[in-house]
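The two complexes that follow have subunit A in common; it is paired with subunit B in the first and with subunit C in the second.
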Partner chain A sequence: MGTLVIVLQVWSWIVVGILVLYAVRHWYFALNRVSAHQRPSYQDLLDSDLPRVSIIIPMRNEDRVASAIFDAIVASNYPHDLLEVLPVDDQSQDETTTIAYTYSQRYPFIKPIYNLHGERGKPNALNRALSLASNEIVLVFDADYTPGKDVIRELVMAFVDPEVGAVMGRVVPRNNAKSLLTRLLALERSGGYQVDQQARYNLDLFPQYGGTVGGFRRSVVLELGGFDARTLAEDTDLSARLFINGWRILYANHAECYEQVPDSWSARFRQLRRWAHGHNRAFVNNVIPLLRSRKVSAWQKIDASLLLFIYCIPPILLSGVAADALLFYMGTIPVVPGIIFAFLVVSFNAFGNFAPVFEVGAAELLDGGRERIYLLPCLLYMFLFNSWAVTVGAIDAFGDLLKSRRPPWDQTQRARRSDVPAA
Partner chain B sequence: MFLLLSILLFALVLMIPAISTIREVGWPRDEGRLRIPEGYERDPRWFGRSYREKLAGFVAAARGDASYQADLKLRTNEETRWAPDLTIPPQERLRGIEVGERVRVGHGAGIRDAYALQSLDVERDVVARTLTSDGGMHVGPAVNILRWIDADGEIVVDAGANLGVSASGGTRVTLAHGVRFERVWGKPVTSRTGTTAPFPLVERKRATLIDATAVESGKPIIIYGPVRIASGTNIRSDIKVHGPLDVESGVRIAGNVIARGDVTFASDVAVEGDIFSERDVWLGPACRVGRHDGTKTVYAAGHVTIADDVEVEGWVVAEGGGQTR
Partner chain C sequence: MLSLSGRGINQSIPPHRSYRNLPFSWPALLSTIPAVLIVEFVVVFFAQGALDLMSAFALAGARLAGISVRSFADPFLFVTLHPMTFDMRHNDWFGLLMVMLVCALIVIGLTIWTWLVAPLRFFINLNALLVGGAALFLFLTGHLGYDSVAFSQLMLRTALVTWLVIPVFVGFFASLFPFTVVERIAFIALTVAWDVPLSIVRYMCFILILGQTGAIAMTDLYFLFGPLLDVVPVICFLSILLVRLARALESRRVAWGLS
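Up next, the complex of A and B:
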């Protein structure tokens, strides 16, 4: 009994330590974004010598959204003679194939790729398109994204910097008004991009390539072995591998693009579960090479490690809560007595569990959010939901890792056609 | 019983923050999506183009009528005045929009907007919000622009003028000594300041020296720390420096120049690509950026300082303000 109490108490302290570490990180990022010098990206460069670009659009059963993204790319101000658009039809069973074909007949720079019999999934689709792409600069848009007129140019300009291996733009939910869930996801996205990504770019740490509204150098990705089809977060995995090999990821906050966020709790659960699975896999695959890399500074190693580890936090947190509950009901909760314990609980909750709330608040300040700020406490309940989904995903990941299984690909369900305005 | 009660109490405490959300959850007042200007294109002449569009109806109605006058709705109702040859007397104070084929603004006048369909001449010490011309434009000494200027033709700016947030010309934009600016667009942007002495270069400890003997592989040059490029060096690739970059006279760079510190060109340096600095840019006498058949940008997150006889084929962006000297 005594040993169990000691183990639980030690674990409780470790969990608090980890959460405080993340709290400091998130607090510092929010402060940096609100009050420090903001590092510029390259969108202000107007250059007549634009490079040729390949745009990959992985597609599976996308007939609800396919026309909108093709229309958006056609309406882009990037010269059409420098564009090559590669929609990868991943064995669609709806009208996606027909829509892609129709657009390819009207616009010769749209060249559909059909995966009729090969392995499905986004990493496979990307690898297939990479092998056929004819340009060095490659951008990726998921099919439910609609890039604005200048977004392609803004992303491409990042590659004037010879150190930039990948670029990431900002995604903004389009379907906020749909439900409370979509509104909360919009808050999360704001914190994640407007503050977290930009702060990491400002501080020369580890901005992340997010797999859509972004791009990379084709030769570099091929040299690194392409996309890992064993992971469900091929974007995080690529980010880590680029970083380890000395390439930098540029965050272009100005390159904003609308997306559809999941509008049902079940879709959100599946999405989070998939992200947690992939992210944890990327952590296992990359953390040792990252720490050994000579091309990454100490601060960058710390930040990248914390980022890769972030989907391990919810299970750790839940285990910490369970440990504390056990200690409480065993009558041994006073890890430290009295008021100090109260402070501990407060820091545990305010600075640990909900640290990203600082970033969301800062993001809304920058974005001009008004009454939506009142929704911030709802993120507390959202966090409980997220923890559950992420924990399930983490268990999946480590189960698959132990049994050397390849995870099945699960695509996020798209919004209904009525939610998708014409571009 | 104790277990149940404690769980219930915990759940109750957990619900307290929800009280503040009830109104916004039940009766949303701020549920719109964040507005992205999807149709936005980076256009250095956007102010002028947009302004002309707003005045197009007025101009069509006014042409041929020697003293046409109307109220035009821009942000507020603006009294808009037309005359083929419009002269605003010296020291005059006007709050409307002045439009003419040929517009002349007398010295010391304070006006809101002036729009010329052929030529616009602004004498010294004028204060104006905007100036627009479908032909050429002359901005006199010490003129103070509060917002922007745009001309389809050539712009000549005299000494000591302040060009506001944006100055853009369809052809050449020439800046005299002591002109202040934030963004200048021209084909090219040139300077006639009379300052011909090269900009002094700082002697930095541990600076990496690139000279004419350096092996040129054509691959981008990436260096951490301060860098100095020796006179006479030809660089055929992009160069990125994690620190300040000092370039001696007579250097040629075929690619882009990117620096996380200051970029200083002593004199007679030619860069075919873009220049991007996270701090300040100093372009000494006779420096050239870009090619006649293309568009390039000089960008500084800090200040840009331009000496005599500099030519930039495209855009000069100085987030912290720029000046000729």
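Up next, the complex of A and C:
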């Protein structure tokens, strides 16, 4: 019993230590974002010699949203003669195929790709489209995203810098008025992009290519072996591989793309579970090469490792809760770490997509938010939900890894188009 | 906000949000440290009185409810606490089995029937797991780690440490935002001022609840509801102050820093 108590107490302290590390890291990010000079991307560069660009849109059963993204791309400011839009129809069973075909008849630069028999899933769809794309610069949009008019130009401009391997834009929810869940997810996104991503970009650390509104150099990705179909977070995996090989990832905070966040708890649970699965797989695949890489500085290695490790935190946190509960049953809970633990849980990891409450608050101030800031305490509502969803995803990932299984692809359920107000 | 009103243009153009900074100064950030120290000093100065009040309130409440209590002195850090023994309901083996059964049914039921919104289901399940776990531990070992004296002592010690820790945490949050020094001190002091009466009332309520339920509710109360009641108000105060700050930023003539 004595040994068990010591083990549990040590574990409790370790969990507190990990949470303190992340809390300080995010505090520093928030401080940097609110106060320091913001590192610009190339959004203000006006270039009359725009490059040709391929836009890949992986699609499966997207008839609720397909028209919206085609309309948005058609309405963009980028010259149509420089565009090649490649919607990849991944064995859809609804009207997606018809919608893509209709648009391709009207706009010749839209060239649908039909994956009728091959393996399904976003990485496979991306690899297929990459092999057919005719341009060096490739942008990727998820089908439920609506790019703003200037987004294509702003993202493409990043590649005037020959060191940039990938670029990521900002994601802004457009259906946040729908429910409490969508409002809370909008807060999370705000903290994650406006503060977290921008600060990591400012500090020359590890801004992440998110795979939903961004782009990359086709030749570089092909050279790195394309997208890994064994992972459910092909974007994180690509970010890590680019970084390890010395390519820079640029975050364009000004390039806003509007998305539909999940509007049901079950859809959100599946999304988080998938992210956790893929992210943990990316962590296992890339952490050793990252630490060995000679093209990455020590600070970049630390930050990238912490970022790749972040989906391991909820399981660790829940194990800390279980350890403290056991210590309480045995009458040996230490008061000080217990209290610090509680504060850290609620103030840091309790809040959403790993954006602590102060980061979300800072982001909302920068975004010009007012009354919606009153919802900050409601983020606590999602604590157990998020922790459990991510923990299940982590268990899935390590189970698949042990058994060398390929994970089944799962897609986030789309909101109905009628539920979504115009952007 | 960049005002153009003096140039014959009757509108103002705020910078795009991706270019904005908050008005920020290092002296303002560093003023958080003396603000925290001032509140800590006040806490240290008044802690003994507040803890005595906490014990007296709980004693009076318990006696009113007909629970037999007796307090004694317990030196801790720089104060003397007065934890107390109090009668708790005895949990027999049949009662423990019933509690375990009900908790298991709740967890299974809420896993199968998903009509309740997911976060609430998870919250209820966590409560059921903590209570059921305590019942199982009691059933297997015959005792929980804390009897009434130890629990009372733990609650008082936790209250004191919480009052000392809260200003540091709140200062940590507050340091990022362009509050005035007065707002900064008020924010930190307000959270402690809220937590002291909360701790007093909560301590009495927990003792009354434990008198009725026995030790099986102890983990749930101390472990879940205790921290929840401490921390949620901190975030509520922060959100209220941030909304005030957001309004102030909008109304100021030059609000946004441009990087």
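What we mean here is this: the second predicted complex is superposed on the first by the 398 of 423 C-alpha atoms of A that agree within 3 Å, B and C clash if a C-alpha of one lies under 4 Å from a C-alpha of the other, contacts with A are read in each partner's own complex, and residues count from 1 in each chain.
Everything that follows uses one rule, which is that contacts are C-beta pairs under 8 Å (C-beta built on N, C-alpha and C of every residue); 3 or more make two chains touch, one makes a residue touch a chain.
Keep in mind it's a predicted model, so treat the numbers as computed, not measured.
Superimposing the complexes on subunit A yields a three-chain arrangement in which subunit B and subunit C clash. Once chain A of one complex is fitted onto chain A of the other, the partner contacts of A:380 extend to both subunit B and subunit C. Once the two complexes are laid over each other on the shared chain, residue contacts for A:329 go to subunit B and to subunit C alike. Within the superposed three-chain model, A:357 lies in touch with subunit C and out of touch with subunit B [touch as defined at top]. Of the two partner chains placed by superposition, A:289 touches none, neither subunit B nor subunit C.
Touch criterion met: A:371 reaches subunit B and subunit C at once. When the two structures are aligned on the shared chain, A:174 is found in touch with subunit B, with no touch to subunit C.
Residue contacts after overlaying the shared chain place A:49 against subunit B, while subunit C stays out of touching range. Shared contact residues of subunit A, touching subunit B in one structure and subunit C in the other: 328-329, 367, 369-371, 374-377, 380-381.
For subunit A in complex with subunit C, the touching residues are 23, 27, 30-31, 34-38, 170, 194, 198, 253-254, 265-266, 269, 324-325, 327-333, 335-336, 338-340, 342-343, 345-347, 357-358, 361-362, 364-371, 373-377, 380-382, 384-385, 388. Residues of subunit A that touch subunit B in their complex: 39-40, 42-49, 77, 146, 148-150, 153-154, 160-163, 172-177, 180, 183, 186, 190, 256-258, 328-329, 367, 369-372, 374-378, 380-381. Here subunit B touches subunit A in the complex through residues 3, 6, 14, 17-18, 20-21, 23-25, 28-34, 36-42, 44, 220, 222, 238, 240, 256, 258, 273-274, 276, 278, 294-297, 299, 301, 314-315, 317, 319, going by the rule given at the top. Across the complex, subunit A is touched by residues 14, 16-22, 24, 29, 114, 117-119, 122-123, 126, 130, 133-134, 137, 144-146, 150, 154, 157-158, 161-162, 165-166, 169, 172-173, 175-177, 218-219, 222-223, 226-228, 230-232, 234-236, 238-240, 242-243, 245-247, 249-250, 259 of subunit C.
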